[in-house]
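In what follows, chain A forms one complex with chain B and a second complex with chain C.
After this line comes the complex of A and B, so read on.
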């Protein structure tokens, strides 16, 4: 019954989509006023998708195994929380969530843009509906979440235990709020072109959307990263895994867009660039969905390998790209005189230069992620691209990038001279000296790292000092740049100072090196609702005689039968102590990994500071209006 | 003949294109250097000479081949045609076990011996890397 309600809500939702398209086109031709029937239809459509989504959640809560999705991804012994989050822990459910966010955003867009011109609103609605229709059909045709199984099984197959974790339970919704937010930017820019509204007002209106999706995307990536650190036991924050890269690409494009749109807002230049970026952010989000969902990339996110789904998304994606390029070429009238020319010593030039750097980083990530796919298609060689590739190509360019980030905000619009040159040079000398002193105690690739560290310190000091100025020009920019410098500093120190011991131990044995001694004291076994828990007790003694006791855990889940490791982490401001214990089948030995990770928590904190920068920019805008 | 502005624009386009060409070259060059090839034990047997590159080996962990000590694990990767001895010290993923698929990353010592620096974690007991599946199917 519930399944039927869910399924038919989707069908009716699709029909309403078609009627919205019809109404919009009619409204475009005929009247001066925005047709309120469109708003009503959009509200109804959103309501139907909500009904469909909740009926799926309800099926999960009730463990209704006559539903194929529930059968594949749920189990009666799971805690209620993970039954609910299991709704989007699978292909079908997560696509339904994607559709839900898509319609939610359109609704918010309509209510937040009452004062916008009628044609612009209709065109935006129209383009957003094209995306919505695409996803409706995709969902109904290739990934219906409401398929029946007969006879009804007694027990489900269970949610992958690795997904049974609080951080990962909210990671998909937050990430989707970011990804799908770019769809509004996409529709809106096409709408603005068609209605000839690419103007200052449009820019400040759409900038809020860009900032909002960027905040969610950042936060979503952060959650995923923290999860990989403690749950997957990867013991780090970023691995250049294809799936991570895919979320990084729209992020980079969004950052570039936010900067570029600010220039457009102030000076009405770079309009084509703004349009291209708006289109590419959404395209990159869609590419991400395509690569992850088609099963081309091997990862935890690949729920099911189904060529039909991949093909559908690919065709849909190319249609959208083709459509947007056509609209850009044939309808975009760049008649408005671009104001004046660009001087090299100005804020807009420095933003443009930073944009180029961002584009460079983006293309490195894009090529590194997609090259193996193309190579396999062409030569059938199977390859992978590792972190050294990214490090080699990105790190050297980070140096001028960081310095430009420090100096750029000091410049004025149109034409400016750098004031306080002496101050800026002084800061650089100080940063260099500090880095020199620090690096001479560490001794790894001395010259390069000293310069890299100085440029990070430089941005840190310059943006820190700006907080204490009487009149802060741009508070949110300052916070975000400060957060970024802190992020780079924590990453660098984390890299320089991390230590790791990996060994295999039996119960009662201990590992001895000149710095520390790890003793495997005991192992406790407990039974918890849907898994067996093995908790090891480890005593760690360093050369100074300080001891620490860590309790890493192994969970043996009943359904599906999977072993997961839960890291035990002692967090402190300066350094994390991290331990995982792995299980080797049919052996008495346990594989132990012990790490000290300095400044780990600052990586998460600084990322939060960066998002706070985004938040304050949203607040400020509202205040000014 | 041409105005100042036109000359500037040409200069700009020229510089932009040069930078673009340079970066593309740089990226592709370092891609070539940093690529890790995936091979099966049978591929290794047909090699003419053993290179010092980092590679990935995929296959199945042979039954009762795991030997574990404090500082290392030894096991045999098989694609049911050929076998390769592997020595490894590092993090062992939970799903690493005899009779299951495995992907090891590291360096070849000779045609029979591989020193692994990483064993790739998989997240699902039914999951078999497509590379391994293919290697197993080919036989």
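After this line comes the complex of A and C, so read on.
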């Protein structure tokens, strides 16, 4: 019954979509006022998707195994919380969530753009509906979440245990709020071109959307990263896995877009940049969906390896790309002469320079992620692109990027001379000296790392100084840049100073090296509702005689039968202690991995600071209006 | 006409990408990642099977040859099955086979070699099984192909025709 309600809500939702398209086109031709029937239809459509979504949640809560999605991804012994989050822990459910966010955003857009011109609103609605229709058909045709199984199985197959985790429960919704937010930017820019509304007002209107999506995206990526850190047991936070890269690409595009829009708002230049970036943020998000959901790339996130689905998204994606290219080429009139020329020593130049850097980073990531596909198709060689590729190509360019990030905000719009040149140079010398002193105690590649570290320190000091000195007109930018410098610093120190011990131990044994001793003291076994847990107790003693006790855990899930390893992490302000254990086959030995990860928590904190920067910019805008 | 060239190029470009993605979808994606990280063999010393003398890993593994380290035991049934492959590989001139006799009784091990012939150039003893752990072994039998002190290949479980072919291909 519930399944039927969910399914028919989707069908009716699709029909309403078609009627919205019809109404919009009619409204476009022969009226001066925005047709209120469109608003009503959009509200109804949103309501129907909500009904559909909640009926799926209800099926999950009731463990209704006559529903194929529930059968594949749930189990009666799971705790209620994971039954609910299991709703979006699979391909069908997560697409339904995507659709929900898509319609929600359209609704919010309509309510927040009352003062915008009619044509622009209609065009935006129209383009957004094209996306909505695409997803409705995709959902109903290839990934229906309400497929019926008969006879009803007694027990489900269970949610993948590594997804049974609080951070991962909220990670998809937050990330989707970011990804799908870009759809509004996409529709709105196409709408603005069609209605010839690419103006200052439009820019400040759409900037809020860009910042909002960016905040959610950043936060979503952060959650995913934290999860990978403690759950996957590799002790890192970023692995250049295709799916991580896919989330990074729209992120980079969004950051660039936010900067470009700011320039556009102030000076009405860079309009093509703004348009191309607005289009590419969404196409990159969609491209991510395609790469992940088609199974063309292998990664921890590939739920579904169904070529039919892949083909559908591919066609849909390229339809959108071609549509936007055509609209951009034929409808975009750049007649309003771009005001004035760009003086080299100005804020806009420095933003433009950093945009080029961002585009470079973006293309490195894009190339690294898709190159294996291209190579395989053309030469049928299989390769995988790993961290060294990204590090080699990105790190050297980070140096000028960081320095420009520090100096750029000091410049004024249009034309300026740097004041306090001496101050800025002094800061650089100080940063260089500090880095030099630090690096001489660490054994890594000296010259390159010293310069990289000093440019990070430079940004750090310059933005830190601005907190105390500046009037608060650039507060959000300052916070975000400060957070970024902190992020780079934490990542660098984390990389330089991490230590790792991998050894095999059995109960009662200990491992001794010159600066620490790890003893395996005992092993406890517990039974919890849907898994068995083995908790090891390890005593770690460092050379100073400080001891720490860590309890890494192995979980043996009953359904599906999978062993996961839960790291035990002792978090402190300066350094995390991280330990995992794993089975060694047919032995009483366990494989122990012990790591010290300095400044780990600062990576999370600095990312949060960056998000706060974005958030304050939203508040500021609202204040001004 | 200039203005029309760029759009057409763009469209052709995206069309090509479409074709490539489309073809990519048809390819199988079940690949196993190739581990290029060749691990160094552990440094160890062990007793020799024939006279209980100590020998260090540096004395066993020289740089110019390929080595096959085979972990075996007389009580292990799959070891008997894979033995003919070891004998076959033992005929190769540029390959030395090192036996690691794992948690075994000397009497039984000797009988095993008498029954099935001895393909090993050197046999070392691992009475309590710690050496196997240093090698990161999962169980018995297990075989490592070594060149210049690096592990090129690791075969978990008994050798079979396919793995023998692969080994022959590598040492050629």
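FYI, the second predicted complex is superposed on the first by the 623 of 625 C-alpha atoms of A that agree within 3 Å, B and C clash if a C-alpha of one lies under 4 Å from a C-alpha of the other, contacts with A are read in each partner's own complex, and residues count from 1 in each chain.
Note that a contact is a pair of C-beta atoms (placed from the backbone, for glycine too) under 8 Å apart; a residue touches a chain by one contact, two chains touch by 3 or more.
Worth saying up front: this structure is predicted, and the values here are computed from it rather than measured.
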Partner chain in contact with A:384 - chain B first, chain C second, else both or neither: both
First, second, both or neither for A:604, with chain B first and chain C second: neither
Touching partner for A:374 - first (chain B), second (chain C), both, neither: second
Chain B versus chain C as contact partner of A:105, first or second or both or neither: neither
Which of chain B and chain C A:582 touches, first, second, both or neither: first
Which of chain B and chain C A:329 touches, first, second, both or neither: second
Superposed model, chain A: greater residue contact from chain B or chain C: B
Touching partner for A:120 - first (chain B), second (chain C), both, neither: neither
First, second, both or neither for A:314, with chain B first and chain C second: second
Contacts of A:393 with chain B and chain C, given as first, second, both or neither: first
Chain B and chain C contact sites that coincide on chain A, given as residue numbers: 298, 305, 382, 384, 504, 584-587, 589
Residue ranges of chain A touching chain B (in the complex, touch as defined): 160, 162, 232-234, 298, 300, 305, 360, 363-364, 367-368, 371-372, 381-386, 388-389, 392-393, 502-505, 509, 511, 554, 560-565, 580, 582-587, 589, 591, 593
Chain A contact footprint on chain C (complex, rising order): 7, 10-11, 14, 18, 20-27, 29-31, 33-34, 133, 138-139
Complex interface listing, chain B residues touching chain A: 23, 26-28, 30-31, 33-38, 54, 56, 66, 68-73, 89-98, 121, 123-126, 129-131
Complex contact set, residues of chain A against chain C: 290, 294-298, 305, 307, 310-311, 314, 318, 321-322, 325, 329, 373-374, 376-378, 382, 384, 504, 584-587, 589
